[in-house]
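The structure is given below, and queries will be raised subsequently.
Chain naming follows the written order as A, B, C and D, and within any one chain the residues start at number 1.
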Amino acid sequence: MTVGRLRTARRIAAKDLLVERRSRVLVNQVLPFSGLVMVVFAFALGTGGVLERSAPGLIWLAVLFSTLITVQRSFAIETADGALESLRVAGVDPVALFIGKAAALACELIALITVLLGLAVVLYGAEPRAEGIVLLVTTAISATCALAALGTIYGGLAAGGPGRETLLPLLILPVAAPVLIGATRGVEAALGTDRTAVSEGWPWVGLLTVFAVAVGVSGALAFGTLIED
Amino acid sequence: MTPTTSPQPTARRATGTRATRVLGIVTLVMLGWLLLFGLVLSPADIDQGDAVRIMYVHVPTVWLAYLAFIVTAVCSGLYLFGKRHSLGFDRVAGASAEIGVVFMALTLISGSLWGRITWGVYWQWDARLTTTALLFVTYIGYLAVRGLDGTRERRARRSAVIGLLAVVEIPLVHWSVRLWRSLHQEATILDTDLDVDIDGLMLFTLFSGVIAFTLLFVWLLLHRTRTIALDDLLASRGLDRAIAERRAEVSSSSPSGGGS
Amino acid sequence: MTTVIAMRDAGFILGAYAATVAVIGSFALWVLRAGRRSGRLVDDEEKYWT
Amino acid sequence: MDGSGGTPAGDAMSGAAAVEMSGVIALLGGFPALSGLDLTVARGEVVLVAGPNGAGKTTLLNVCAGLVPVARGSARVLGVDLTGDRAALRQRVGLLGHRNGLYGDLTVSENLSFWSELVGATTEETDRAVEAAGLAGRLADVRVAALSAGQRRRTALAVLLVRRAELWLLDEPHAGLDPDGRTELDALIRLAAASGVTVMLASHDLNRSRDLADREVTVVGGVVVEAA
C-alpha cells in the first residue's frame, strides 16, 4: 500500500462525502426509507414479544435494504455524467478507487446504523445494556466494513453498463448472508435479547472481521476488471 | 463415384463424436440401472422406509453440483492466471456452472421432497440446506454476469473474477451458517438427520448413482463446452462478414471529395 | 411395478425421480439441439473435436 | 481551409507521433465500429475527424482513450502500445465525450480541486486553468448542474488543462451550444493547441470546426477514406 494510493483513496472518499453534503440524497431519501422499513416491520410482526425479540434482525434487514440503495446512489454519482469514465481515462488506480468508494460508503452506513439503532430503542424497546456497548460498537463497525466492501465490488460491476442495476440485489444478497447473520447475533448478544450473554457475541465479531478483510482484499484486486466496461 | 478435386467442406457433425456417443449410451444404461436398483431392487431402510430411495438421486446430484462449481473455479483461475488467457477455459467454466446450477436445482427439489417425508416439512433451516440454497443463488448470479454484454475477452475476464470471488465467499457463507445453527439449536423432532444405516445393496445403489451422474456430468460438459465453442466461432465468423459489409459501405457511399 | 406404486409416500419418491429425469432430459435435449443447430453452420474442419 | 500545410509537428517521425493506428478493428457489442482503420496524427496537430453518423468517429476517440479495446490491428497512442499495458498512458490522454465527466452536485471549483488534488497540480496551475476557461469569479462557486451547457463544457476542458493532458479527444464538443458558447469553447481549444496539445476533434459542424483544425480526415464505415 503506497502513500500515493492512500492519498488518492482519501480524495475519492472526501469527494463522495462532499457530494452527499451538497445533495443530501441519503439524508432526505434513504434515511426516511430505512425508518419507514422499521415501522413497516412493526405492522407485519405486530406488537408484543415478537418485535422486541426480532429487533436485532430487523435493524440489520433495514440496513441491508438501505445498503442496496446507498450503493446504487454511490455509483449513480459516478455514472450520471460519465465521471467514472473520466477517472478510467485518467488512469486513476482502481485499488485506490475501490478503497475510497468503500470508505465513503462505510461512513455513510455507520451514520445510518446509528440512527436506526436509536430508532430501534424507541420503536422496538431494544435498550442497550452498559456491558454490551463495546460489543455493539465493534459489531456495527465490522459489519459496516463488510457491507461497504461487498457493496462496492458489485456496485462497480453493476455501474459498468446500462440495464445492470437490477443485477445488484441478486449478486449482493446471497453473499451478504454472513453479514446479516453475524451482525444480528452480535447485536442480540449486546442487547441481551433472549438472555444471551455478551460473550456469545464475540465469535460473530470475529466472523464479520474475517469477512470484511477477505472481501476487502479480493475486491480491491478485482475492482479494476469489474469496472472496465 | 464422382471425383472431387478438393474436399468439400462438410458441416454434418454437431457436438457429438464417436467417443461421446459411446459415453452417452453408457450413461443412459447407468441411469436406467440406477432407476432399477433405486426404485425396485434396493431394500427399504429400517428407519426411513422407502423414502431412502430419494437418496440415490439426491446425494449424487449434490456431489456433482459441488464438483461442477469446483471445475468452474479452477477454470476461472486457469483463464485469469494462465499465460495465454485461453478462452477454452472460460467455456469450460461457463458450461460447468450451468450444469452445476441444474444439478443443484435437482438437489433442492429431491431434498425438499425427501424432507417432506422424513421431517414432515419441505424445508428446514439446517446449515447444509441453507448453504446449498445460497450457493445455488450465487451461481445463478454468476450465470447472469456471464450473460452481460462486452467483448468476448472482457466477458471472460469479468466472469472469471466473479467465479473466483464466489470461491472466497462460499467458505465464509458456509462457516457463518454453521455457526448460526450450532449456536441456535432448536430442540425439536426436526433435528433428525438424513443419515441412514447403509447396508451392502444400498451402498452399491448409491455408488451406481454417483457413477451414473459423473458420466452424465462429463457428457453434458463436453457437449455444452462444444456448443459454446461453436457459438463463439459463429460470432467471430459473423464478425468477419460484418467487417466486410462495413468496408463495403465505404465504396458505396464514396464521399464527394469534401476535404480539400 | 406394483410394488413400486405401493410404496409408502410413493408420490413424493416417484416425484423426485420424475423431476430428476425430466429436468436432466430437457437440459440434455436443449444442449444437443443447440449444438446441432450451430453445428450445421460450421464446417467440420473447424470443430476442434473432429 | 484545412490541411494548411505547416502542421506544427509535420516533420514528426513515427516515434513522436501522437496516434499511430494500422488496421485497427474495434467492436461495439459484436459490431465492428472500426473495420481496419489506419491513421497517423503528429504531435501538436489539430485534426478534425469528419464523417456521417455511425461512421465510427466516437469509437475512434474511445479507442484512443483506452476505453474500447483494440480487437485486431496495432495502435500506439503517445508511444504507448494500446494492445499491451496501458498504464503508461495515465493522465496523458483526456476525453470529452457526450458527457462531461463532472459531478453535478459540486461547484466548478470543487470539481477542479478534486482533479487537481488527484493529479497533484499546484493551486497556481488550477487557477490558470480556471482563468483560461473563463470560469473565474462568480461562476467558480456555482453548482455544475446549474451551469449552461457551454459553461459545463468549458469546465470539462478546464479539467483536461488541470490534468495537463497531452492529447485531447473531443467528441462533438459543439453539440448543443449557442454561438457565444461555441466561440468561447473554440478559444479555449485554440489556447490548448497553441501550448502544444494534440487535439482530435470529431464533429458534424464542419464549417466551424475547420477553422480550428490543421487537417481533416473523413471516416466512413469504420475506416479513414480520405486524409486531407
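Points to keep in mind about this one:
Basically, a residue touches a chain if its C-beta (ideal position, glycine included) is under 8 Å from a C-beta of that chain, and two chains touch if they have at least 3 such contacts.
In this text the structure is predicted, and so the values were computed from the model without any measurement.
When each chain is reduced to the average of its Cα atoms, D sits farthest from chain B. Each of B-D and B-C has its own count of C-beta contacts, and the greater count is at B-C.
With each centre defined as the average position of its C-alpha atoms, the distance from chain B to chain D rounds to 46 Å.
With centres taken as mean Cα positions, chain C sits 43 Å from chain A.
Here the spacing of chain C and chain D, counted between their Cα centres, is 55 Å.
Inter-chain centre distance (chain B to chain C, centres taken as mean C-alpha positions): 13 Å.
Each of the following residues of chain A touches two or more other chains: 229.
With touch defined as above, residues shared between interfaces to two or more other chains in chain B number as follows: 149-150, 154. Chain pairs that touch one another are A-B, A-D, B-C, B-D.
Residues 130, 134, 137-138, 140-141, 144-145, 148-150, 154, 157-158, 161-162, 164-165, 168-169, 172-173, 175-177, 179-180, 183 of chain B are the ones touching chain A in the complex.
Touching chain A in their complex are the following residues of chain D: 65-67, 86-87, 89-91, 93-95, 97-106, 110, 114, 117-119, 143, 159, 163.
On chain A, the positions that touch chain B within their shared complex are 153, 157, 160-161, 164, 167, 170-171, 173-175, 177-178, 181-182, 185, 200, 203-204, 207, 210-211, 214-215, 218-219, 222, 225-226, 228-229.
Residues of chain D that touch chain B in their complex: 2-3, 25, 27, 29-32, 35-36, 50, 52, 69, 71, 206, 216, 218, 220-223, 225-226, 228.
Per the touch definition, chain B reaches chain C in the complex via residues 9-17, 31, 35, 38-40, 44, 49-51, 53-54, 57-58, 61, 99, 102, 105-106, 109-110, 113-114, 116-117, 216, 219-220, 222-224, 226-227, 229-231, 233-234, 237.
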